[in-house]
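Order of writing sets the chain letters: A, B, C and D. Residues in each chain are counted from 1.
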Amino acid sequence: MKKHISIIGGSGYSGAELIKILLRHPEVEVTTVFAHSSAGKRVDELYPQFRSRTNLTYEEYAPGKVVNDDLVFIALPSGEAMNYIPALIDAGKRVIDLGGDFRLQDTALYTKYYKHAHSAAKYLSKAVYGLPEWNREQIQSAQLIANPGCYVTSALLPLLPLVKEGLIESTGIVISSLSGASGAGRSSSVELSFTETNENVKAYKVGVHQHTPEIESVLQSFGGAAVAVTFVPHLIPITRGIYSSLFVTPKGNVTNETIDAALKKYYLNAPFIRLLNNAVPEIKHVQQTNYCDIGWKMYERNGQIILHSVIDNLVKGAAGQAVQNMNLMFGFDETTAL
Amino acid sequence: MKKHISIIGGSGYSGAELIKILLRHPEVEVTTVFAHSSAGKRVDELYPQFRSRTNLTYEEYAPGKVVNDDLVFIALPSGEAMNYIPALIDAGKRVIDLGGDFRLQDTALYTKYYKHAHSAAKYLSKAVYGLPEWNREQIQSAQLIANPGCYVTSALLPLLPLVKEGLIESTGIVISSLSGASGAGRSSSVELSFTETNENVKAYKVGVHQHTPEIESVLQSFGGAAVAVTFVPHLIPITRGIYSSLFVTPKGNVTNETIDAALKKYYLNAPFIRLLNNAVPEIKHVQQTNYCDIGWKMYERNGQIILHSVIDNLVKGAAGQAVQNMNLMFGFDETTAL
Amino acid sequence: MKKHISIIGGSGYSGAELIKILLRHPEVEVTTVFAHSSAGKRVDELYPQFRSRTNLTYEEYAPGKVVNDDLVFIALPSGEAMNYIPALIDAGKRVIDLGGDFRLQDTALYTKYYKHAHSAAKYLSKAVYGLPEWNREQIQSAQLIANPGCYVTSALLPLLPLVKEGLIESTGIVISSLSGASGAGRSSSVELSFTETNENVKAYKVGVHQHTPEIESVLQSFGGAAVAVTFVPHLIPITRGIYSSLFVTPKGNVTNETIDAALKKYYLNAPFIRLLNNAVPEIKHVQQTNYCDIGWKMYERNGQIILHSVIDNLVKGAAGQAVQNMNLMFGFDETTAL
Amino acid sequence: MKKHISIIGGSGYSGAELIKILLRHPEVEVTTVFAHSSAGKRVDELYPQFRSRTNLTYEEYAPGKVVNDDLVFIALPSGEAMNYIPALIDAGKRVIDLGGDFRLQDTALYTKYYKHAHSAAKYLSKAVYGLPEWNREQIQSAQLIANPGCYVTSALLPLLPLVKEGLIESTGIVISSLSGASGAGRSSSVELSFTETNENVKAYKVGVHQHTPEIESVLQSFGGAAVAVTFVPHLIPITRGIYSSLFVTPKGNVTNETIDAALKKYYLNAPFIRLLNNAVPEIKHVQQTNYCDIGWKMYERNGQIILHSVIDNLVKGAAGQAVQNMNLMFGFDETTAL
């Protein structure tokens, strides 16, 4: 029998991508999609690409509506998920949260970067960080998954093997990331209008982006080292995709071969990681997919390693990774529908 | 001595383009720029491209602030200009209105297409339609200029010679126009966000766009014939520019030579019209300029003439044409600063 | 047992899209992909999006290599397919040709528009026009399918019901189409470079595009009426998609309801046609899918019907429709893998 | 009397931008434009935006054709300018070379990065590096100007004050730059086609780009310190513009104020440098202009300074800077026509 799934916050881009992936998933059925301001509208009214594919209608959330569901996805802005999750957890539901509310264990850090207090701190210990390549076993039995941030995913996947194997210095790490506009969500603002974004580039939240502490805390918890990163996101005129260029300082004897071995050690059997060695990844090669492509190069002249990684921000950076986590939680093949 | 100019509604894209052109105009000085919601902000705070080029600050409008100005531009949304123009006209000011309030002499038509009543109907008779290639003399002595709509300019310039010379049938005219997103103004809406507009095309206001009656009424007043047009605008993912493809039915003996002669008759000395004959215009050849390029071709197999015209919607379609009108009003060379 | 499939001309965009669709098709296996100039290269070298998805390598074509295949797709430029097809047909192979060589039954017309002679005229009678919504039965048993042109598909699907039901005049039909750059193929030319295409629009092959006679001849053969169309394609800065705006003259008593009934009569059970009635289609709603969305509106003021249709040029306009045809030929569900 | 100017290599994008700027320059007249493969074509045939603006026709170069010119611009691919410059210098002509042939004094470095030998090494000593903000006096009297590279300009302008004032460490400097497609020139290649470039990002020439040694050698010659930089250029889907994000390590007591003071010391009176302090620059604010906007921020958490700079690659990165140099050489106002 198919697993029953509902989605709280299904009207944004991550929610729509989630619906798209789940509709082609042979083992699950989406029972309900909740969206406060769009309640009463058909999903294909907001997203006409779904015409003739689904009859789902957005509904106002009520706890009674999810009692028969096996899993609840939450794709709400940070600060809102924590209003739903405690009751769901207490009711025994399994939950995957695509937002940032349960990614940082340190509530002081959360408040500093998210600019509001955390109202469900005692549930943080339930949260399992949903990076399948690094946390597969914990994910399988988790009740609550904190699905990683999009930039974070693109940064952690190349960095974690190097940190874990002790190949790089813990300071001076630079992560310069480029993101398509869909990463900012389905929002109405002059800044994100076509006219302002097209033929333009701008860095934003330089040094204060909320993904910075997430990158650092996961590098510590999974990589085993306290590191500092300089993370600068840039908005570029593409719809989907993240391109991260990373610059790190290798320790003493590190060579291209050492790096190669470290990456292969962790990713040889990871179905969604493609190692390019000295080749350079391109966003278009991963668009609409759950892949993360990683290339790298020793740059001895200046004592650095240069790494590049690419993902689709709505797939491996959000909904795709969430479904990958769901597949693990239900014991499905990890790649189903992806 | 330089002419003193002020702008009411200087915070939108047309207003900003106007400022840009006027700042390089050797014969005028912009004294004041009014913008209600941005009052108190520097122009270069809203439009950082003006940093180090101007110290102008947006101000709240007050009639006393324009008493020493020789001309007032109004670049407000339709429906707002008519609140300012009566008093300005009564005070003897010369005014160029970039919006739609004084383009239609028929207030019933205005109400039908603009969805609100006209509150300054008795000033309509003062309004001179600001299409310099067809109304040069009236413009020179006008007190109030109704600057043409962007789509309208791209449609009228190729059509007027054919209508005026009686070369085409008065029905079945098709105008299929493509516009860049800046034509929708500096606005915040999901529909105009980069993510929704990029890699997309959509027709809009099919058959009900307010430029339809403007095209028809000017074809009648300047072209001398009552004609009906089917006008369909499309939003395409470019920032600036309009591409109009026009399909008309030639009368009996019309040939390529007849068309050529008609266009040359009206435009041979028009500094901003470039006739391409059978060549096809491209938007990029007119971007950031005040040119309108026109190409055409008899298509005898289906009994039609196919015409194409291109303009930059913010220049020849708005601010550039407004400055061209100002140049005529002040007796400057028509091309100054353009 | 899976059907064995090979592709001649697998290095262009249609070929790559075909590979992508066939790789997810549960009933077929791609045995060989031929590409002359890329012979010896892995498919994922040319198209790195296929890394880890396939080990296929481009090969030089030889007749012996397809003897065990159940069907051969040909995705070559027009003029090249006719060098392969006679021998394949003689050998009893089933063939789907994505190019233009077998779409026009009239070789004089072919020569006029394609600018070279037809070398396999006697095989034209074998060709079945692969528009599934209008030719389902013939396709099922066909040996040779001429897969429709991309623009043609977008024009025929809205027009055929109106022509077939005798609802519109046979002259004055205007088809103004906008295409993304992938429609021009994987080619190296200054004209198709990013710098020349971005922020630009241009009409091209005005009145002489080779899809004009294809539209007219199919309207006659399936629609039953000799009609003339004015077809103007435009290149716009998007990667994938075609937007067609069509303008036709309704006969006497035609109303919105008549049109609605005609379209429903032919498409109610067509899985890939979505009828929007008075709504306006958008390219992004069909991108990466095999759908054709159609909207329409009576425009009585000017005695016209305005129709809009959208497709993805590489899917419903090429590889998707080819697979739809293959599904019919093999008796699979028509929508498999689409 | 106007100065007479000719251009060798006027058919590329830099050449066309040069023509555009020089046509509006009140003190000069373009006498001849040379272009080998386009010889005989009108300039407005290759670049229709010049229709009605100029009658210039591309010519085949011959030494006799420039004898009456006061200055010759060369906008040829690197490796070609050195075939023309020796004779021009010997003939006493003043020359501005927009290419890379005379930017590196070290021919071994030239050969390593440009992949061919230098055939005019003895003329290198004549070359003055044309970065006006750092070399104004030498430029005024120069006979031969090596106009800086586009990426180089965007990197040097923010870095030079910090290096010169000894504020940063000489290692670990990271320059991550994004460039629009026009930087690759007017060329026909699949890689630069719209379909391949749109919705994509890719790093290229990682660590081996020829602008790396140019950055390092000018930092040494003008900045007075031997430094190593890691430079990674990325191709992004915009037409014009370069966005450079720079990461450097401050020495001991450096604060935001120290940086601010250093930048103001060198640029307070530089007409084309706009210092934004902690604000973030955007490409669109400098497009079509000769400005370089620079923003910066101390990032103490990770011991770094983050700087951002933006230019238009065809203006301040090529033709605009070349005209700025010409203005200095002729004693015109530095900003004329810019």
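By our rule, contacts are C-beta pairs under 8 Å (C-beta built on N, C-alpha and C of every residue); 3 or more make two chains touch, one makes a residue touch a chain.
Quick caveat, the model's predicted, so the values are computed rather than measured.
Q: Farthest chain from subunit B, going by mean C-alpha coordinates, please.
A: So the chain farthest away from subunit B turns out to be A.
Q: Looking at A-D and B-D, which one has the bigger number of contacting C-beta pairs?
A: Between A-D and B-D, the larger count of C-beta pairs in contact belongs to A-D.
Q: Round to the nearest whole Å and give the separation of the Cα centres of subunit B and subunit D.
A: So the centre of subunit B lies 37 Å away from the centre of subunit D.
Q: Centroid of subunit A to centroid of subunit B, CA atoms only: how many Å?
A: So the centroids are 46 Å from each other.
Q: If you average the Cα atoms of subunit A and of subunit D to get two centres, how far apart are those centres in Å?
A: Each chain's C-alpha centroid was found; their separation is 39 Å.
Q: For subunit A, give me the residues that contact two or more of the other chains.
A: Answer for subunit A, listing residues that touch two or more other chains: 180, 196, 198-199, 237-239, 282, 284, 287.
Q: Subunit C touches which residues of subunit D in the complex?
A: Result: residues 13, 180-182, 184, 186-190, 192-199, 237-239 of subunit D touch subunit C.
Q: Which residues of subunit D touch subunit A in their complex?
A: Touch residues, subunit D against subunit A: 171-174, 176, 178, 180, 196, 198-204, 206-207, 228-230, 232, 234, 236-241, 243, 245, 247, 249, 280-284, 287, 297, 299, 301-304, 306, 308, 310.
Q: Across the complex, what residues on subunit B touch subunit D?
A: Its residues touching subunit D are 48-49, 51-52, 199, 274, 282, 284-289, 291, 293.
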